[in-house]
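Labels for the chains are A, B, C, D, E and F, by order of writing; each one numbers its residues from 1.
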Amino acid sequence: MPEPRKSRILCDVDFDRDGAQHGFLRLFHSSHASAYGFLPIPIVVIRNGEGPTALFVSGNHGDEYEGQVALANLVKRLTPEAIKGRVIILPTANFPAAMAGNRVSPIDNLNLNRIFPGDPDGSVTQQIAYFIATELIPRADLICDLHSGGSSLLYVPCVLTSQVPDRALYAKHMAALRAFGAPLAYVQGRAQGQGGNQTLGGYAETLGIPTLGSELGGGGCVTPAGLRIAERGVNNLLVHLGILPESERLEGEATEVFGLAGQDHFVYTPEAGVFEPLVELGDRVKAGQPAARIHFPETPWAPFVECTFANDGFVLCKRQPGRTVRGDCLFVLGGAFQE
Amino acid sequence: MPEPRKSRILCDVDFDRDGAQHGFLRLFHSSHASAYGFLPIPIVVIRNGEGPTALFVSGNHGDEYEGQVALANLVKRLTPEAIKGRVIILPTANFPAAMAGNRVSPIDNLNLNRIFPGDPDGSVTQQIAYFIATELIPRADLICDLHSGGSSLLYVPCVLTSQVPDRALYAKHMAALRAFGAPLAYVQGRAQGQGGNQTLGGYAETLGIPTLGSELGGGGCVTPAGLRIAERGVNNLLVHLGILPESERLEGEATEVFGLAGQDHFVYTPEAGVFEPLVELGDRVKAGQPAARIHFPETPWAPFVECTFANDGFVLCKRQPGRTVRGDCLFVLGGAFQE
Amino acid sequence: MPEPRKSRILCDVDFDRDGAQHGFLRLFHSSHASAYGFLPIPIVVIRNGEGPTALFVSGNHGDEYEGQVALANLVKRLTPEAIKGRVIILPTANFPAAMAGNRVSPIDNLNLNRIFPGDPDGSVTQQIAYFIATELIPRADLICDLHSGGSSLLYVPCVLTSQVPDRALYAKHMAALRAFGAPLAYVQGRAQGQGGNQTLGGYAETLGIPTLGSELGGGGCVTPAGLRIAERGVNNLLVHLGILPESERLEGEATEVFGLAGQDHFVYTPEAGVFEPLVELGDRVKAGQPAARIHFPETPWAPFVECTFANDGFVLCKRQPGRTVRGDCLFVLGGAFQE
Amino acid sequence: MPEPRKSRILCDVDFDRDGAQHGFLRLFHSSHASAYGFLPIPIVVIRNGEGPTALFVSGNHGDEYEGQVALANLVKRLTPEAIKGRVIILPTANFPAAMAGNRVSPIDNLNLNRIFPGDPDGSVTQQIAYFIATELIPRADLICDLHSGGSSLLYVPCVLTSQVPDRALYAKHMAALRAFGAPLAYVQGRAQGQGGNQTLGGYAETLGIPTLGSELGGGGCVTPAGLRIAERGVNNLLVHLGILPESERLEGEATEVFGLAGQDHFVYTPEAGVFEPLVELGDRVKAGQPAARIHFPETPWAPFVECTFANDGFVLCKRQPGRTVRGDCLFVLGGAFQE
Amino acid sequence: MPEPRKSRILCDVDFDRDGAQHGFLRLFHSSHASAYGFLPIPIVVIRNGEGPTALFVSGNHGDEYEGQVALANLVKRLTPEAIKGRVIILPTANFPAAMAGNRVSPIDNLNLNRIFPGDPDGSVTQQIAYFIATELIPRADLICDLHSGGSSLLYVPCVLTSQVPDRALYAKHMAALRAFGAPLAYVQGRAQGQGGNQTLGGYAETLGIPTLGSELGGGGCVTPAGLRIAERGVNNLLVHLGILPESERLEGEATEVFGLAGQDHFVYTPEAGVFEPLVELGDRVKAGQPAARIHFPETPWAPFVECTFANDGFVLCKRQPGRTVRGDCLFVLGGAFQE
Amino acid sequence: MPEPRKSRILCDVDFDRDGAQHGFLRLFHSSHASAYGFLPIPIVVIRNGEGPTALFVSGNHGDEYEGQVALANLVKRLTPEAIKGRVIILPTANFPAAMAGNRVSPIDNLNLNRIFPGDPDGSVTQQIAYFIATELIPRADLICDLHSGGSSLLYVPCVLTSQVPDRALYAKHMAALRAFGAPLAYVQGRAQGQGGNQTLGGYAETLGIPTLGSELGGGGCVTPAGLRIAERGVNNLLVHLGILPESERLEGEATEVFGLAGQDHFVYTPEAGVFEPLVELGDRVKAGQPAARIHFPETPWAPFVECTFANDGFVLCKRQPGRTVRGDCLFVLGGAFQE
């Protein structure tokens, strides 16, 4: 068996040193404009002796901001003296995407969360995935990858994890999920089609490392409500792991938990046009209920097309942009959760 | 004095014929992909004898959808028999922009609402402006140009007009504004910097033709609330003009009216970063109150920058996208309205 | 009245000197890649004493090649000794478009044949139009602007002119048309929508200078048949003007002449899809006859749409590319010609 | 040996169910504009009991249309009752390319027919190739991949297959080729340089599954002649397999068969310029005969360059666009066929 | 005569107020990403009572940096107390170009120094030109527009002005030129082809306002030598005008003055290839001397092309990038200067 | 162990035949514009009987020209009669990049010198790398890969090699380095971050084949000084190998040798802005000495940022473009060389 290849990224910080360090992952990207330059991906590690390691990631998608803001605030707030163990913070995981306010990298057009475990010899985003997969994930006792809906989706702010077959791991997932303290959560089976084991969390599961995600809003903006949930959740996970003392726990709300069932809980655009939603985020809907109309203002005398929900459920997520094409996701429903 | 130049656009409909006609403005655009092709901009005219003319426009900005949906619905609902006078409907004024879901035209990169009265020999958007300026606006007794916030702004849904020096015109503006029946309205002095006489409405004013606008939501999506306000308002303007009978009036809400004072009611981004709003749409704020924080997740250890409101006011409008650069508008405040 | 502005283009050749000269129009275009560079537009003038001036232009659209090849061959064949008078040859009028094999300029995205008389202070294509309009056209006794169908259209090879109100000019048009010796010709009224007085020929007419055009094939390629017609026609026009002696006339075919009536002789795409032509170039068709089907392979179970001819006529021109959108021109019919 | 990876594409149809089903291959492509959206690649399966399976593919290159139209027509015509066995139809294999009218995908710039057998974890086109390679090809008894010349080439309409070493497979190839009923055919050795085992057909051969191709015209347009050959051929292959009864066979022409010898039957552009073909499609040419001239209209006084055929042969294919650069293919010759 | 139109740009500073003010020109640019945003073009005015006004401009071309650095340093160094009169500083005149490090604006692709006097209703760069032309230039007693060679040219650092017909103005030009204290200068007749009256300086001359330019290096970089010349020159011009006291004068070198004769002092690329210069900046050359070779590494067995100087002269300027196309400027020679 | 895959590139020349041959590597690239075309990468082989093989490569980065010119000159100068052994010359290794004057390929955006050993089934640049890695490198006794600084870097012209662990190979490196005869050289440990074993030279080392590189100038231009060093070095390597006789040796200068230590000899941009270098190429600097200032002309009143050298050293290399972002390399220092 060949030795695993090593990431080509240089890392400014030493994960095993006590204290607060910040610096960059230096991803050398030899381009026309900068032959010997690197992409400076900020990384922070705060360590105080032995103890568990929490890994916080945001900017996995560059246009999801609550996590980026919450982690930038965490970096400035957390001191080594206040903790026990280690906190690793990567606020702009897909750095070129985050600088561009884009879901995917403007350099290689890749979605970081669909290419795990990456490739140390590949393109820029593949190299980031590989570094996270081989240098960060294996160091963690708990991972929290903070997402929002991004430019094309709006979510009711929530925390999420997945219903893995390994019962011990699953128990860790559910304990962390509840510790986060968000008002809403969903638990997904790894439904085929939305990333599977090519996501950060999906890959971490294959290593048996517990991982939480979040969907803190969306529409490509920061919502104050989502940000508050993110900041509380990040704090509470540190308490949950014992990195922060119990006294630091912030009181959250009781978490209502939904299941994410399968493709029949998704509604997709049947024809290209303008999307009019007929329900709101947070509504409870019934199978057969009208979900959306697709309008054709370029042929205004033509009738609109209406589409319906195939299942009962709770409207977790809806599409943001008005213009839509066949195959776009319009709604995601949460279903009943069976532990 | 030279004779005014005539638009080169062919028009399928005859504005002076009774009945319901629909067809296209044929804007010939000789491109590599289509040497003799035209851009098919849909237009509808519904006429029943003598009477006033209402002109409804949407899709002036292609990513503002409530108006496009409301007018597509109006086209299918309105019959010549039901009306007296004439209704002209142009649902996708900047047709290439509307098809692309873009504020500006993907063909010439022009913002239709910043180039009035256009140019018959100019680029595609300039030709559209010229047709509207010379063939549609002069035929109207009242114009309603339906906007929303578009991809970069979110508005509290409202109707708006401007406080013109001509008292008779101004009276018509205010009467129509109240007839629309929106819960909120604002009245602008033609503040320098946001379009002035280069907008559709600004140009119409120079001809003495009363014009209403609207801001029905934004973020590049359709909101059911904004759509309901648009549909009621369009209907009520037809009643207001006597084109529809009084019995068709839809009960609206009392309209709260704000003034739009000047540049000191706008908040702009001081440094490039991620925008965290500290107030919500519809809040009432005080001069000196913190408005927003700009975060720098690419340098997460650097402090954020906070900016404040320079005036008291009502939060009419806020920026949507999280990533922002110096000079972007973050908030617009409504102020006290003095009739 | 202000003095007319002078073109900023430098011209290597002296139009009043005897002999054969070739060189460039030097259109200075100060770009990031070349601050002081010029676009080198080749021009040739061949002169032998007093006599009429013929102006030959090709590459007005960069993807129309028969004219470019015929004029490049003419440049190498014609000597001052062989002629009487003057021949001016501009084989790549829209030089950046010709180098790119594109209808329009890749620099400013302008169609040279839709912006006459141009602007000496404008963008690159506007400057070319202005030079032709003010320096070349006024020197000519007869202009021949050689076109083909370009990338989006296929024509039966033909020569063409327009039915101008000025009877003397019209007589010159028809005499030159017949002298050209093409098997087919059409005579257009300046139908609104396809360029009007913004074309090279349309502008020349306003100065009273006779102008022929051609459509020598298309599809963005060179056809040997069209090339032969072009070479014979160019030669015969020189004989017609007396620049070449009568002995040089090449026997052509009898020219069948059609009229180009108006918009009802054009067929346009009703819906976006794949275009299947149901008739061939050169067919004679009847009003009501099926012209084309539009297929939707992305929804293969949906029925196709069929469209028909609105008039009797001769199929002069058809669209080349299979993918088409609403408003593309599919066919142009020639109609009966009334002198 | 590791288990083969499974395609991530969801498929709406059940290949083992009787009846006519249509739906989509759902290729999830998480982009900035559509985080959870899929590309809807239409697929149709029609089955009636046990029997052979025919797989028809078009839109492998998006700008080749005769096959797309023929298969869209087949979808609407074929009923389960009329057949015995199974027909699988994929009319727009490279869906994003077909929607764009482009040879290659606008998403990842890949040529589907140069990347077989694809990659289930790769980019969009790699995922399509993998689905076809692992889910469609293995189910087929005969594959017909319908091509035309595309935007850059024009072919005499023909059917084609390859002279594989396996004699049993080769016999099936030739039987199907003759059953197709096209007037012209060619049989290729897998000449290095034009796709080899990275094409759909080349890959199918490695699995021992007989495959026909076609070249039904080109220039990026639909030709009625090519379409008729495609529709007859598709029908006759179904008869050949016994899926349709013998009574449905359409009388074709006797098929003249050429061989495709090797690189010396290709003519390539020696210098960048404008391509003038000196022979026509369907001509028979001799070694040493002039094939083409390359003209330089940007330096019209410079001599043209002429290139010749290196072999005798039949002109099967020629380049369409006039502008050409060194290395472009100008002609392909068919040679004598030795069975 | 119509009233001149007013710039739509808002200006943060009051030119008539004493003290040091800095702020922005707010050029409202309503785009998809920022509907109400402005481009923040920094401007500084420092005033102390009555006295002459100096206007310093840099970033007219965005990739010319010595001026931008020198003026940024001047802004931080100059206090109202130290001066008499007024200094107006515009360090990034074409702000979008300067931010992009580009000669021309990435927004409208315009070269600010080729479109004076601009247009208040035009595109972004046209609005900048108009503001400078109507609000800044008329306020100045002396203008200094600091250029370098930019990305495509390298200059021997020098100062320059033009030999205007108006003797009084010309005398001011020469006095300022010598006061600047650069080691080298050139004086241009307004040679047709390089900007003429469409440049900032060319336009200022039409108003009779003395203007200096500079060429401080180039290649898109900052050279310490050019920066020192710029800083000294800017300082010395303030002394020359009496804005700074005589005691502040920095000793410069004796200025050697060349004339810039005309097009025959420019050498242009004859064929596309790789440019090898045969002389160095600062060399004195003779007519007929080899200037450059153009190599063709893509056809390495083909001979190179050599071109020569048409005149004697001093090598003021040479092209930077190796790849070149016909019409690029390779060298500019300075000639003898006749006062 | 599977058989190594074979390159799909066709090669016009026979490496084992005596005489001078030139032709092309034919890399078939089936694109929308050219379905059967190839990229014509010129290759020259000159052979005279048995003897050593020298492989010369340039255009590995398309914007580095001294090598391209030197090798194009070598191709025209070298005859089989004059040599003993074999010389293989590849002047435009990354042909699409060389034609575009770009560091990386405009087709797949890949840097040829970061993807060795490539992939025969991959994209265009991956196929080039694979051909060089499998067909050219293994044939060579000595490789010389001629680089310059490219568009973003300027180097003191020098030759370079690496300090490999294999002492015999290292001895060959140093002998060739000194034979080259450049005034300056550096010897690198394979510092992590600048290409490692993904470069041509790094890959060749893994095969034990001695390889020299060069850095002959930069800034995207040709410098006469660098060209002279290249031409002498190439010649002297042929003498060194015995391919040319000793009598052909050109006297060079004594070579001063530096070591390239590690990341602490690189200076990187700390903040985006305009780069002012404070030292010149060839300077000797001390640890702590100011290296550069970063200016912010868009906020001219803000202070600049200064950065310093972390080590003593010799300024081998500096950044060319003024605009810079965090992570760009500003300087590379040579250090003491320990053999």
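Structure notes:
Note that in this section a residue touches a chain if its C-beta (ideal position, glycine included) is under 8 Å from a C-beta of that chain, and two chains touch if they have at least 3 such contacts.
If you want to know which protein each chain is, UniProt gives these names: A, B, C, D, E, F = Deacylase.
All of these numbers come straight from a predicted model, not from anything done at the bench.
Residue-numbered contact pairs of E-F overlap by over half with those of C-D, the repeat interface among C-D, B-C or A-D.
Taking the mean Cα position of each chain as its centre, E sits at the greatest distance from subunit D. Of all residue numbers used where subunit B meets subunit C, under half belong to both copies. The two sides are thus made of different residues.
A centroid comparison over C-alpha atoms places C as the chain most distant from subunit A. Between the interfaces B-E and C-D, more contacting C-beta pairs are found at C-D. Separation between the centroids of subunit B and subunit F, computed from CA atoms only, is 58 Å. Look at where the CA atoms of subunit A average out and do the same for subunit B: the two points lie 36 Å apart. Between the Cα centres of subunit A and subunit F there is a gap of 42 Å. Among the residues of subunit A, those in touch with two or more other chains are 40, 63, 151, 321. Because contacts link the chains in a way that matches no line, ring, star or complete pattern, their graph is best described as other.
Here, these are the chain pairs in contact: A-B, A-D, A-F, B-C, B-E, C-D, C-E, D-F, E-F. Of all residues in subunit C, only 22, 40, 42, 44, 58-59, 63, 65, 68-69, 71-73, 75-76, 89, 91-92, 95, 98-101, 151, 219-222, 224, 227, 274-278, 280, 295-301, 303-304, 319-323 touch subunit D in the complex they form. Against subunit E, the residues of subunit C that register as touching in their complex are 8, 10, 24, 26, 28, 30-40, 108, 121. The residues of subunit E lying in touch with subunit C in their complex are 61, 63, 102-104, 109, 111, 113-115, 149-153, 192-196, 198, 263, 266, 268, 321, 325-329, 332.
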